[in-house]
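Below is one structure. I have some questions about it.
Going in written order, the chains are labelled A, B, C and D, and every chain counts its residues from 1.
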Amino acid sequence: MIVVLKSNPNQKQLDNLMMWLRSMDLDIHTSEGSKHTILGLVGDTSKVDIDLISALDIVDEVKRIQEPYKNANRKFHPEDSVIDVNGVKIGGGNFQIIAGPCSVETEEQICEVAKDVKASGATLLRGGAFKPRTSPYSFQGLANEGLRLLLEAKAMTGLPIVTEIMDMSQLDLFGEVDIIQVGARNMQNFMLLKELGKTNKPILLKRGLSSTLEELLMSAEYIMAGGNEKVILCERGIRTFETYTRNTLDLSAIPVLKRLTHLPIIIDPSHSTGKAALVEPMSLAATAAGADGLIIEVHNDPQHALCDGPQSITPAAFDKLSKKIFGLRNFLTEEN
Amino acid sequence: MIVVLKSNPNQKQLDNLMMWLRSMDLDIHTSEGSKHTILGLVGDTSKVDIDLISALDIVDEVKRIQEPYKNANRKFHPEDSVIDVNGVKIGGGNFQIIAGPCSVETEEQICEVAKDVKASGATLLRGGAFKPRTSPYSFQGLANEGLRLLLEAKAMTGLPIVTEIMDMSQLDLFGEVDIIQVGARNMQNFMLLKELGKTNKPILLKRGLSSTLEELLMSAEYIMAGGNEKVILCERGIRTFETYTRNTLDLSAIPVLKRLTHLPIIIDPSHSTGKAALVEPMSLAATAAGADGLIIEVHNDPQHALCDGPQSITPAAFDKLSKKIFGLRNFLTEEN
Amino acid sequence: MIVVLKSNPNQKQLDNLMMWLRSMDLDIHTSEGSKHTILGLVGDTSKVDIDLISALDIVDEVKRIQEPYKNANRKFHPEDSVIDVNGVKIGGGNFQIIAGPCSVETEEQICEVAKDVKASGATLLRGGAFKPRTSPYSFQGLANEGLRLLLEAKAMTGLPIVTEIMDMSQLDLFGEVDIIQVGARNMQNFMLLKELGKTNKPILLKRGLSSTLEELLMSAEYIMAGGNEKVILCERGIRTFETYTRNTLDLSAIPVLKRLTHLPIIIDPSHSTGKAALVEPMSLAATAAGADGLIIEVHNDPQHALCDGPQSITPAAFDKLSKKIFGLRNFLTEEN
Amino acid sequence: MIVVLKSNPNQKQLDNLMMWLRSMDLDIHTSEGSKHTILGLVGDTSKVDIDLISALDIVDEVKRIQEPYKNANRKFHPEDSVIDVNGVKIGGGNFQIIAGPCSVETEEQICEVAKDVKASGATLLRGGAFKPRTSPYSFQGLANEGLRLLLEAKAMTGLPIVTEIMDMSQLDLFGEVDIIQVGARNMQNFMLLKELGKTNKPILLKRGLSSTLEELLMSAEYIMAGGNEKVILCERGIRTFETYTRNTLDLSAIPVLKRLTHLPIIIDPSHSTGKAALVEPMSLAATAAGADGLIIEVHNDPQHALCDGPQSITPAAFDKLSKKIFGLRNFLTEEN
């Protein structure tokens, strides 16, 4: 961490600052220029509150050199994390496709889709029981009944299930859920993150619509700081000025996150683009860029999906797509 | 609502669509062109799920003409709403300044600031007890103890208090709080919004960092649909590419929201800019643009604030500023 | 095009509007609701100025159904365009890699890089002679001398060359240049676009930092409306709030543009990310998403590049990368 | 400028870097930590190419402390610049309103508007002769004839005129123009900026749609580095995700620019919002925030304006507005 002091700092304030910094076990290297004095802080600065220092009268600017996250940081954990979900592994060379409908609607629907996507190679089943919707007048999900149907589909197919939690009060309901999803709107619901940090469930943490990659990692850090290291990151598009796609899928997040963290990264080509026709090219691109997996919306009757129909693909389309994805993945793995 | 059909739509699907639309008590006006057929839907379309229609195979595009919110809509409620907070009125020509520290830190701090800002003309006291922080290692607020101190400051000064809720599980603790604030990160925490809709507390709803004004109104609609009409909207900056200010304060939100809704609109010049030096010009600008109030951070020792010090102003600076704001407000009111 | 009228429009103004629309050979289908009257305009609306209609007192809203571009529109030109650059074909299944340094610096540098990238499979050489730089104090390129050196490298290797024009006054200097590049900052330099429309040179048109895909196509339309159909589109990252990468590479632009237009689309993984380490994963992702080519910065001494060094890769790295790209491209082509 | 070196830098490369930095007359202060070595560079670093240093193998990160612009920097020119336009002064306490139509259309139109806005207190006349339009099929302005009509209106009313240049080849036509406007799309047309730097005309430089304030100042620096110090900055909205307004007017740009530069800053409430109803509140807000002037679109028949009608106000509305603006301005001036 570098602290640039204003010219002619008040000596007493400077002494206080120095004492305070040393109390945090930091070494201080001072470089005095004619206009500015620069302090170089060496040691574990991840827990130093940068706002506190910036606020001081004698400080012009503070700049981190070390990242502000530690548990999620690849520097302190060079090996890829592998998250084991009931025997299905994600990360560290293990690539998985999560598939299923946006919302669970009926027993027939979820079971049929589950069988179909399993037959096509998906190893995890997704489906929403609690649905965050912009309008209070839109379908809000089947709630508990949706969870029950998901568990039936799991029992029938053996596929571990992924579903979204909307509030920490629901946590008790998620006992049989294999991966708890935190949606983009909840990425900075810090109380929820802290609660999830106390569980030992794998967490699928989606990037917020206007969150930087550093903020995504800080949210992962909230979970990990509580003791739960099983975090799977998910890029699902960011909000930009472009309106043709629902959001802008930021695929450079894959190699960037791979450098910054040891956690697995998966991509959601369905919600990010909002258009079924873009799911295939974006799935292939994500795979080529090195993603550890994909989460794809599949609905057996997209025309009558109760939510997000325009981006769902049919089981038949998914079957063709998953063959292409696995083919590409094999090609790329053999190449290396 | 306008539905543009694809060319040569399947007749059976079209019949189904027509029947379904009529079942929602909508009148349908059909306009057949050589390439496209256009359906004009007339009636109360605010509760029609636009995604459902867009998903249909035979539909090319759907476009709302009416806004998707009703309770918050000025069209159905032409008069300004006035929110009464323990006798302090906001909206409909009533302008208020909310002031106080980012976080409650000590009894001395909050009480001293409360006395000072009251003397300078503030009519409501703000202060954070539960603080949403990007890093799990940053100061997270005094929690219950912070609430207790706020209530002491209220008892001492008579100022109604505004403080942020972070999760619906905290609602019981907010019994004595006068305005419950929903922070930007929670603007789309729909479960929290629904719970707040069941209370009769005034809600200060902050715009999310990447939320459109329509989404802000949809979140207000969540609260209002539950029966609680006391919503105060707050613009606090949106996320853009500009990095000099923390966020970009969108003051055009004031006249836009004034047209779209009857709810009062206040501005937060402190969090949006993140810089104390910008608080005065942005406060004056917001007042000139027609805001119903301001929420300003004041700290008696900004250098040692435990959070967000760089944007806080001192009680002395606030005193000068509030004189300017009220002077400007009086000038503008007399003008009209 | 759909025109939504305000309720109770002035009859005389409505008659004028109808007459004016008919004078443009448009058929008008009227749909009268209880609150709104909707006009559906059928015919060639690509040349109708939407602003003019929106401005009318009696009009509430205007919405295009047809795209506002015609020459670039795939609807009117279903087959992929193939751009022939001195025998090197781009588009319609022809995939090319353009490589070379950001700036031409010395004869030795450009010729060495040219030989190297040709040996690795690049079929076109890039290099900047005129450099748009944010600061007037940064290196601005070798100008005419840079062009001369590029032509030497072309003579030596036979590679057609691509270089950026900064102003239409430079057009005479570009007689021997094979592809004229229009940079992101000039994407809406309409006078330059019009001049380029009068030439018969292939144009590499880069998307502006904050331009929508529709605006990119409108800029292509400027060139094509002048008679020059040889436009190659290039996605090179858009400006967002994320700061880890220089810009956010929008790879969904590839399938979106493939649907909207018949023009070829190439990707610039170097400028978009601004980081050499991201060039490989983003190149592979772009290839998998269906790009018609890539434009990659290669410098024989990236440490001493006079501009944009951090994103350049060495000839040795390019050699490995191009093998991977062509391998992937072959795999994908055989798959289909 | 601070240079953070990677751990264990190659000694020879480090020696080269030191020698090179010293050759630019910079003092170097070294601070060696256990993990990082930090160089503090003291002296005039505004002309150091930060990219060159960042690219070095041994460098981890470079961070400016000084701003990269000098002529535009308030630090080196503490007094406000006052730009004299044929006797009309802008900046340093002088506030002006520029008004007129988006496009010059007919002699009657421009002369009538000119007389009207002069009578209402405007001191400069705006009007477009060359119009940058997204579509090649939209009205492109009257060109030379438009300039001629503007000069007639100037002769008749005595108002100095402001009009936009689109390419440096037009410069000869602008001999009688009083302020040359550089539009948002041309803010980084560096060849044009350099040419304008050779003139002694006042330049109205509009901020680009996705340009940071620092980039705006760097573009001003291009003009000033050529010897022309008469630059007026103009904020006209930036591109964000919000779609209700055409762009998002960033009024915090006013106090920020006032701190960073001595150049005057004016605001364009018409183009930024794109809606006539927002012009008044945004004009008042800009005035309250300390702008040095406003540029407002006025059209005597907004319904039939050939471009940008929806945001133009009538002369009658302008008359009322300018009274309010001047009243507010007087109030604020007397306050201080």
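The rule is short, and it goes like this: a contact is a pair of C-beta atoms (placed from the backbone, for glycine too) under 8 Å apart; a residue touches a chain by one contact, two chains touch by 3 or more.
All values reported here derive from a predicted model rather than from experimental measurement.
Of the two interfaces, B-C and C-D, the higher number of touching C-beta pairs belongs to C-D. Note: the chain lying farthest from chain A is D, by mean C-alpha position.
Work out the mean CA point of chain A and of chain C, and you get 32 Å between them. Chain centres here are Cα means. That of chain B falls 40 Å from that of chain C. Note: centroid distance chain C to chain D, computed from Cα atoms, is 27 Å. Shared interface positions of chain D, defined as residues touching 2 or more other chains, are 210, 239-241, 243. Those residues of chain D that touch chain B in the shared complex are 210, 212-214, 238, 240-245, 248-252, 254-256, 259, 272-273, 277-278, 281-282, 284-290, 324, 327-328, 331-332, 335.
Residues 13, 46-47, 49, 51-52, 54-57, 68-69, 132-140, 166-169, 185-186, 188-192, 194, 208-210, 215, 218, 221-222, 225, 239, 302-310 of chain B are the ones touching chain A in the complex. Chain contact summary for the complex, chain B toward chain C: residues 2, 4, 27, 29-36, 38, 40, 42, 60-61, 63, 65, 239-241, 243.
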